[in-house]
Structures are given as C-alpha cells and as structure tokens.
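As written, the chain order gives the labels A, B, C, D and E, with residue 1 at the start of each chain.
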C-alpha cells in the first residue's frame, strides 16, 4: 500500500507543476513554494512528521497521470481539474478540491471588449494538454463563434505571446490569469473578462484503488479547511492543541477520539499538517491571496460560512 | 627544325607580387613561333608563376604580356581568346574524374569552340591515337596509370588546337617508367613544330628538343642560352651551382 | 609418417556445434535468436501484466472517437467533431509540410552560406562563419523558442495595421504580423483551367526546347541560350493568356477584420518560426557540407578548366558542381532526415504536428499512451526509412558511374 | 641537336635585382580592402549588405546589453532601476541581468545543495582527467585504470552516499574479469565469455546490496546523499550526455560488430535496432521513457525518471555510435584482420587487441560529434519535466519575481551551450586533422 | 641442405572456387619438413590463394590439406592449432600500427601461446636481433622503412615458433634497396632449415635457396622441378614463356 511505501522510503513523492506562479515554483534557494506545494507539505507532515521529507517531481501536463499511474509519485498536486473521464476512465482518484477555479479570458482593455461573447474571430493563446482546450472549443462552438487557437506548451511562452500581441486573448484558469496579470509591467491595461466558461475544481489526485491513502490525503486537506473554519491558525495551534472546549477541534487536533489511528496515522497528524503553514486560509493568503503579487480574492474558495464552497465534512 | 620570325609571346618588364612578396622581377622574354623553350631553376624561383601568367591563371601587376598579338589585360574577351590559343599541362594532370577520357577531351572543344560533338570526338580520337591510348577512350581517369593520365592531359590540350603549349613539370609526379612515355609524346609534339614552354628538370629532354634553356632564380631570368652552350658552358655562378646539383644526382 | 586424419567429417558430435565452423555460426545465431525472443517476450509479458493491472486493453478503437479539440492549421477538413484518426492525419500532414518547406529553405540557406563562407569577401565570409558556428553549437530547441519569441515581439500586431497604427501592409497585399504572414491567395475563376493548360504546355515546350537545343549543339556545336528561353517560356505564355482571358485568376487580399486579418493565405507564426529555426539550424550544417564538397574539388580542377578556356560559369556547371554534388548529396539527405525528425520540436511553438495531435492531445485525452506512441514512432520510422531508401538508391546510382 | 637560329640570344644577368615593394595599389590596407572587401561590384554589394546587417544587429543588442541591470531582486525592481537611471520617458532597452546573478547557480546546478557545489565540479575534473589517457597518446598507459575507475568515482561524487555502492558495483566488473581469466585458463574461450557475462549478472542481482553494506561498514567513507531530483541545469544536461555516451559505447561497439557480422540473424537484428532508434526522434524516445517504459518492466518496478531517460538516451546514442564505429571498422585495411587471423588470434581477441583499438581511435572525432549532438539534444528533457537549463528557466520564470523575463535567460543558456559545444567541435576538428596526417 | 622424410604439408586433390570461378584445380603437393619451395607464375594464377588455403585464410571446397598431421577441416580447434604452427608474411607486412615493434612481436605469444610477458619479450628481442633491428623495438611500425617493416613482420611470425613459414610476395611492395635486406633475412632463415613456401618472382632467391620451384598457371601446378633444372631447362611452353618475360626484364 502507498502508505507503507511512503513510510518505508521515509519520503513523500509529490508531483507538482514544472512552474506555475503562486502554485509551484522554486525560490532562489531551490525550495519549491506555492499553493499546490503546500498541500504536499501538509501531507508529508501528517504522514511522516516532517514537511521536508518530500521529493518534488515536476511534471508536465502530458506526463502527470502516467507518473501517478506508474507509482513514480504518491500524490499529484498540480492544478489538475477533476473531471468525469479522468476520475472514471483514466482511473485516477480525486480526493477533494483545494481550489475552485474556472476558465477565463484575459484581454487588453483597449481592445474594447467587455464580454467573452464579443470574441468572435479572436486569436486565443492556450496551453495544450489541459481541459482548457476542450472547454474553449465547446464554448465557441456553443456560442457559434470562430476563433483561432494558438496552442503553447508553457505558461511563460503563452504570456510572452500574449504580451507581444500575438494573440488577442489568453485563456487559462482564472487563478492563473490573475497571477499572470499581476506580474505585468502594465497590469492596469489588461482585464479579465467576467465570463468564466467552465468549472475547474482543482485538487490533489492519488492512484486509483488505494482507499486508505486516498483517505489520508483527503482528510489532511479537510483538516486544513476545517482548521480555518474553526479558527485554528498557526499562531494559536499550540494553545489549541492543549485542548479546547470545542470537541470538534479536539478531535481534529487529536486530543479526543482516535481519528488518526483510524487513518493508519497517529493522533496528531492534523496538528502537524496545520503546523507547516497554517490553515487553508493562511496558505491561501501567503501564496496567492490578496497580499501577494498574485492577488487572488477568496471568492468561491472562501469558507462555506462566508459564502464560498470550501466545506470540510465533519471530523467525527 | 624551323623557327619562324613571328613572335608568339612577348613579355616586357613584367613584375608580379604575391602580397608583399616579389615573385617575378623585370621579366623580359620573347618567344617565337615554333620555338621550344625549357625553363629550369631552383624550387621557388618563380618558374610556375611565370608560365601561369602567360595564360592568366595568375595576374601580373606591372609590365606587359602579349600572346599572339593580344595583350593580356583585365579584358575578359582577350583572356578567353588567349586561353583557347594556349594549352597547358599541369604537374598533376588535373583530369576531370567524373568524365571519361573521351569526354575530357571533347568538353572544351564542344563548349568553348562550339564544335559539333561528332567532329570533336573524331578529333579527340585522333589525338588520343597520337598519344597512343585510343583504346582507353571510354575509361575514367581513375582507371589509368599516371603516365597514361598525363598523356590524356596532353591530348586534351591538343584538342583545342592551341598554337602554344605550356608544360609545368609534366613528369615530376610520375614513376620513372612512365616518365619516358610522356617525354616521348612531348618530343613527338616538338618535332611537329609546336611552340612549347616547358618547365622541367629533365635535362635529357632539354638537350634533345629545346631551342633555348632559360634559367631562373629569385624571380629573375638569370641566364638563357641554347642547350648545348647552357649545359656545357654555363656563365653565371648560380647556373653552375644548379647544374652541378642537377646533373650530379 | 602417419597422419592423424580427423575423420569426424561424417559423424556428428555435439562439440561440433561449438567448434565446427559450419555449425558454430548456426549455434550462435540460434542462441541469439532465442535470447532475443526471450527478451522480447519478457517485455511483452510485462506489458500484458501492466495493462491488466491498470485495467486497460490494447486497442486502436480510440482512433474512431470524437477528438473534441481544434487544430488551427489544417491541410484537410477537420473540426472538433472529427475523429482522433483524422486529427492524427492532420498532424501528419502538418509534419510533412514543415519538413518539406524546411528542407527546401535549409538547402537554399545552406548553399548560400556555404558558398559565401568561401567567398573572398572577408566580412561576408566571417559573418557566415559566425552564422554557421552560432547555429550549430546552440541547441535547436533554444533557437526555436528564441525565434518564436523574436517574431512575437519584433513584428507588428494586427491592431497596428488599423488607422493610425504604425504598421502597413507590404505592397498593400502582404501583412507581416506577429501572428504570422497573411498573403494574397489566388482565387480560381472560370477560365483558369485554360490558364493551367497553357502553363502545362509551356512546361512541355521548355522540355522540348531543351532537347532541341541539345540535339542542335551535338550537330552544329551552336549553343542556344537555354536558360533565357526557358524562363521566357515559363512566364510569357501564362502572362499573355492571363490578360487574353481577362484575368481569370484573381487574388483575395488579406484584410483586417475584427481582431485579425481575414481572407488571403495565413502562414502562422508557429509554422514560420519552426520553419525558420529548422532551416537556419539545418542550413548551418548544410553550409558545412557544401563548403566541404566544394573544397573537396581541388583547385587544380577549376584551373584546368580555365586553362582550357572555359568560362567560370561553365566551369562551375560542367566541372565543379558535378563532382561536388557527389560529395554533397549523401550527407545532405541525412540532414533532411535530421530535419524531419527535428520537426517534432514543434511542441515548443505549439505547431500542431503529428506529435502534438497524435502524440500529444490525443494521448492526453484518451490515456492511450501505449497505442499513441506506437503509432507515432511507426510514422517517423517509416518516414525515415523512406528517406534513407532514397538515399541508398542515389548512392548506388553514383557509384555505378564511377565504376 | 638543336640548331641555332637567328633569334637565340645568349643572356646572362650579372647583377641580381633586389625585391621591390609592390605598387601602391597592391600594398597594405588598401590592397587588403581591395582584395577582401571590394574586389568586384558584387563584392562591394555584399560588403555593404554585410555591414548593414551587422549594424542593425549590433544596434539592437549592444544598448540592450550595455544598459543591463545587474543587481535586483525581481523584474519589477529591474524596471524601477532602469527607469531611475534612464528616465521613464521613452523606452530604453535594458537587460535585466539580475536574474542571472541571482539564479546562475540554479541554471548551472539545479537544486544541488549549494554547499556541495564542489562535488559536481570535482566530478567534472575527474571526467576531464579520465579523458586524458584516451585522447592523448603521451599520457602514460597505466592511467587507463584511472579512466576505468572514473565513472564510479563520478557517480559517487555526484550522488554521494556510502562509497560501498559504487565499489560494490565496480566489483561486479572485477568479478567478470576474474571469471574470464579463470574460465580461459581452465576451459575454453567460450566458457570464459559465458562466465564473464553470467557471474557479474548474478552478482549484481543477488550480492551487490549485502556487499555494498559490508564495504560501507568496513570503509565508513560517506558523502551526503543527493537525490537525482535535485539535479538540474547544465549539470543535468552534462550528466545525461556523458552517461549516454559512456554507457552507449559498449553497446554501440557490439551493434557495429553485429552490423558487420555475416551471421544473418545477428546482422538483421542489429540493423533493425539501429534503424528503429535512429529513425524515431529523440523526443519520442524521451516521451517513451516517461510514459511507457514502466509498461515494459515488471509490474510494480519503478525507478528514477533520470535513470529512465539515461537508459533511452543510451540506446539512442548507441544506434548513432554504432554507425560511427562501423565507419572506423570499415576504414581499417583488411590486412589487419588477416594478420590477426594468421597469428592465431580468435575473433574476440582480434577485436580486442587489434581491431577495436585502431577503429575506436579513428572514430573518436565521430564520437565527440555524437556527444555534442547528444549534449544539445538533452534540452529536450524539458518536455518530460526534467529541469535542464531550459526547464530551469521556465521554473525560474514561474517565480512571481521573474515572471515575464525571457531574453536574458535565453542568452545566458545559449552562450553556455555555445562555449561548450564550440570548444568541443573545435577539438574534434583538430583531432580529425591530426588523424588524417597520422594516417597518410 | 637437409630435407627430412617427414611430411610437413600434404595437399591432395584440392579444389577451390570463388563463387563460380574455379581458382585452384586439383592441386597435389607434398612438402617435406625443412623443404624450401618457391612458387611462381603469372598474376592471377592462384599462387596467393594456394598458400592462403594452407593456413585457412581461405577455405577450400574439395580435397584435403593436412598440415603437420592435422587435417584442415571446419574444426576450429584444428584451425587454431595449425595457425599457430604456420607463420605467414604478407606482401604489405600488415603490422599493427598501434603497437610498438616489440608489442607486435609479443602479442600472439602472450595471447595465443600464453607465454609469460617476460619470456615473450626475450624471445622477441632474440628474433629482432636475428633480423637485425633490435634497436627499433620501441618504435612504432609507421616510423620504420618498408624493408624494416617486412623484417619485423618476419620476426613477428617467428616469435610464434612456427614449423612452417609462408611468404606471399614478401618483397614486391619494397624499393629495390630494401628487397635485399629482406631476402638476406629469408636466406638466413632458409639456412637454418625452416620449412618455407615462398611466392616470389625473385629468381635469384629461388636459385639460391629453393629445393623446388613450382610454376602455376590458371589455378594448376604446371611444372615443378629443382631450381637449376627449372630455370635452365623448363619443360612446359608456358613456363618457357613466363621465364623469358621474367628474366628478360
């Protein structure tokens, strides 16, 4: 089983993107940082007790599922959209959603376009090998519009093409658009069109057929989300871990019940996961939130209590 | 052997430099129709350069070269005219390896003289017979021995019916047995009265056929004389030295 | 003396399998064959096991399914409702297109650069050296990416062609933009069939004239101006008929409509960048081949031709080129082979070649990597075997002439 | 026999003429310019054209480079500095070289731990030193042992870990050698060959682990282990290239022999292998390495992507090397084979002692060229997610600080490749020239 | 010169074809221990092929060759045994250019005979001294003249202590001065009683040392006799014709 392998190797092999601003990118010291990376780190901390016992495996859109299927990685955390075919036909197991995204369009303001429905005949830059391509094709077909796709291998090149005006529109997940726009020298001259043409629930993926491992990843993610809901932060984690009067928090942090053991881990798995970089909200804020150059608003990714979709099933 | 009074080549005060190197210095030479001149001299003395100037494979910088009444200048037409009057045989034959012997011989007549192919071939066979290798006509140069190749090269030049033939050490790349073949061919030519300038160290050949031997050193004509005098009674010290080396070995 | 004659000739002993030259090779081959077969079946067995473990099968059924994605450059009809097989075909044609264009341009560039490297113009020779060394010693991938980026950044955007923009069309008919080049496209009107017929007729006439000129030269020695007449025959009748017929072929000019130019022929940036990069890169190698070929023809050859009175141009065509080509063509064809294979780097600019469709999106969407990669590899293999087959035939034919 | 005639003038020069300087138009700069730049109207045209191209290129590149910003933390900071220096008014082209100064180490070494950079450097030095005995005849023969040990030493330096691992693997080769010697002493050459193949295989399969542990226990020398996912940048390209060439050499030689062989099955199989690997682009093989190789291995086996890439690159290079070596074999005169036969050497001894030493020497330029090609082609691993220089540049640009930067990285990477490949190709040309004179 | 009764080589009814071309026809030849046989004949008559069959560089298709009591068959062990009994010297020496002279000589003893290196080197030096070039031992073949190379080739064969030596036109690739060096070496060998088969056109050598001269034409042995008889009194017309050409020039 994956858990045994991970424990035996004492390292978690985590598949990430070869580079996507805010989600996974190496810093000057060669340490991978980002929103997707944080999920890996949380799982590593939960399972192995050390958020650094990770081997990051950069994957392209084309190699990601094979790497997972062949056991080259234990966990894929690489802005991967949860779709029916991927789940059922390609035999992956999606364990949850860490980011609710949707495909959007970015365009220069001075093009005078206010809506995606006015994009008839536009040249569209698009990354290949993703669901984006299919969504785009469907969207224009449904709206009876023409377009000229310019498929590009990497985000960087797509940006370059877009900035140089080689395409009118750049389409990818709205989070990526925002992240990209933020780094422009003339960010103000670009806008993201209001239409979001697809649902892109992004989440960590594990191999089909190992339910225990899927549960571990799922509940580690849920722990991060729940922690935000219950106000467990990296600042007050120590104190809360000593025990609170909220049994849900106690169960979450391992003071009550034996949820951890049920997973095959120890009682404090969630505590360690949260300790890495805080709860979901903190991770969001420090990697892609409004305080960062990426500057994403919580939007759909707010807690359900605040009108968002982030909703952890109860720890019970 | 008759030598007419007609001037075939007239070189006056000719100078040539390779870059800053003064190769030929104040060359004065008159060659008459039908004359056979042997040029010798130490290596690097400018013999090859001199005869290459005559058909403008090299450009001279000062002085005058008049071949058959035409002055060599930058005028392309003159150069063409002179080149088809002057045949040249190289040390390394320079046959065209992708063409048969016959094609080697007919190429220039057809494309320069605009001779019909049939006629060109007949003439080529005639000259190939003369150099005694008509049976090789359909082979390729690579299939012949060195001596045969050089004879083809002579035939190839003859096919253009030149009035003057230049030879640049035609036998020095050959094995001893083959040298004889080629020299025999050249002697035959000489006997027919062809104007010839031959750079060679074959002193036997010089004595047998030359009207004049020219000795060059350091880009200058140091001595010239008729062969008997030249060999038996050299005047200049350099010539003596050179001859003692050449004949000694 | 007595001779110990080995009379093992007739009777067979097992040791002969190893020590008898007649059987030894057989033994080795049988052992090799068994080992190879074992290795192969081990690999196949693993594949079967792995497929079973992942619950997959090996079938090409996915080729018939709806592809669902769009391809921006199609030489044949295709839309997102077409099948994966058709998408693969579109990609294959795109590969062939860029490989063909690349070979042509690379040859032109290579010949020019190779000849100029030998030029007695110091500056130009040096610049060509820089070109050749620069392209040969930097990875092709980097060149492709750089040229693609350069084209995107260096050329005007379509909107610059609007009123007040600072770009304008060349001759009012060609738009060079950073999305590609828009060219006028011929529109075949009524009567254009006649024009085509005239054109075919002039091709025939050129052929006939060449034969006639050759015959005539053989007979009289006269040399007719073949090149000039051929060119005239090539262009004149077609032009004359064009006007006689009242211009049956019109051009549809590209026009700025909405976001983009419409009408005309659109050469995409991805195609141009890939094409240019492949050609420049391969051209650098071809330049070296051409230079080597010309240098292989010793100076003596052209001097001999000059001494015979042949003009430089004739010397080139009758003496130097026929010899140089023998040296040049075999390595040239293997460069074509390389170029064709390198066209798979289309991935870097998003040019939709066979790798991008069949070996990329299709595999990605269907999860059929085994089948997809197999077909892709097969395609390239067949292509290169074809090209090297041509090369072998050519090599054999020139060897024949040398005897 | 020549008869005198009227025109014969006996002539003797009594004073030799001194060399003169050529006429003005034939001298110095003027002559040089005339000969090299303006010798005909066509050349004049070419010169002008060349100057124009040169001017436009330099006008674009020089100011950009000249105005470079070398120290900054991000692209936006670069822009601020640029604006501060040159004013915001007009567009000043300026390179943001700060990305290089900040990230050069990643472009060179990937994520290799910074305090261990000495190890790849040492491995490179070992590599160069090991080449000595192969490339230069003047280096003492005995150093060949160092060359043989170098791959293991390099492996150990790069990956680290206990010295037991590489030593244990190297022992396998020693075992092969021992089996061969023993075999040929006590039974035939064939038994020796079989032994030399079977013994090390068995050893590697069964004993390497324990032996490695044992050696590790006896000789407790250990370097910090660096996993291959930390490898990147130029180091990665170089390792893949070098490993590909070294590992493919034996296979390439066997394939070349197979292709020369007159045994039908072996001949055809070699040809099939060579044609298949040469006929399919490297990128397809790399995708195979990352997508398919696992299908061909027993279920559950799974190893390092880098290793898989090296395996396929090795097979790919072997096909090319086979053709190179075949050229070397073909260049050997038949007499060498016959002389070896006449002396009673068997096939393998003749190959090892007579044929290969000569054929390989002839092939060295070809091998170097293959290596250059392979080294350049390693950039393709970016498409399967390995962080070679180009992949690394993508990762760097994914950092929000550097998103949007392009040319500086391209130029840096291109320059590094150029320097490596250019010097290697010069060297191989030099070798080729030397070989040509050696042989004629 | 003593010739024993022991048979060294026995060839019976041997036939060989190259494809469809019948090179050797019904060859019957017995060579006794210590005999020295010279084989001559026009080019293409199969001389080389014959001696190459003896150490199985070529395979024969019919008949029998027995060398030193071992029949040449397809058995590899026999072939190996015979090859180490039979030394061969080629027209083009075929020294190994990447090995020094000494290494050339010790290679086969070490790797085939499994002689310790030291012993092999001593023996090599002994034979190199015999062919009078011990001082060249550490040079490479490329640094020696043709004659020296051929003597090294002889020494290399001798190092294997063969009982029979085959020479295939050992002097025909050499310059005249060098021929003598090599012939002297061969004569010395002959005087020591080595069984030798020599393909050569050096008739002086044949007269000096051969026990028997064999004349071949069109793949057959046309005539054999002791040298004096052979040269002075040839029987067959072919032989006469051949001898007149050879001796004439």
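Please note the rule applied: a contact is a pair of C-beta atoms (placed from the backbone, for glycine too) under 8 Å apart; a residue touches a chain by one contact, two chains touch by 3 or more.
Here the structure is a predicted model, which means the values were calculated and not measured.
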Shared chain contacts [chain A and chain D, defined touch]: C
Steps in the shortest chain-to-chain touch route ending at chain E and beginning at chain A: 2
Chain whose Cα centroid lies at the greatest distance from that of chain A: B
Chain pair with the most C-beta contacts: C-D
Most centrally placed chain, judged by C-alpha centres: D
From chain C, the most remote chain by mean C-alpha position: E
Averaged-CA centre spacing for the pair chain D and chain B, given as whole angstrom: 52
For chain D paired with chain E, centre-to-centre distance based on mean C-alpha positions, whole Å: 47
Length of the line joining the C-alpha centres of chain A and chain C, rounded to whole Å: 43
Interface hub residues of chain C, defined as touching at least two other chains: 18, 145, 149, 347, 363, 369
Touching two or more other chains - residues of chain D: 287, 291, 294, 382-383, 406
Chain-to-chain touches, reported pairwise for every pair that qualifies: A-C, A-D, B-C, B-D, C-D, C-E, D-E
Residues of chain B that touch chain D when the two form their complex: 1, 3, 5, 15, 17, 19-22, 25-26, 30, 32, 35, 61-62, 207-212, 217-229, 235-236
Chain B residues within the chain C interface of the complex: 55, 57, 80, 83-84, 86-88, 90, 92, 94-98, 107-108, 110-120, 140, 142-143, 156-157, 160
In the complex, chain D residues that touch chain A: 75-76, 79, 102-103, 106, 110-111, 114, 227, 229-230, 287, 290-291, 294, 300, 302, 305, 382-387, 391, 394-400, 403-404, 406
Contacting residues of chain A [partner chain D, same complex]: 17-22, 24-30, 55-60, 62-63, 66-67, 70-72, 153-156, 159-160, 163, 179-180, 182-185, 292-294
Complex contact set, residues of chain A against chain C: 61-62, 65-66, 69, 85, 89-91, 111, 119-123, 128-129, 133-134, 136-137, 141, 147-153, 157, 160-161, 164-168
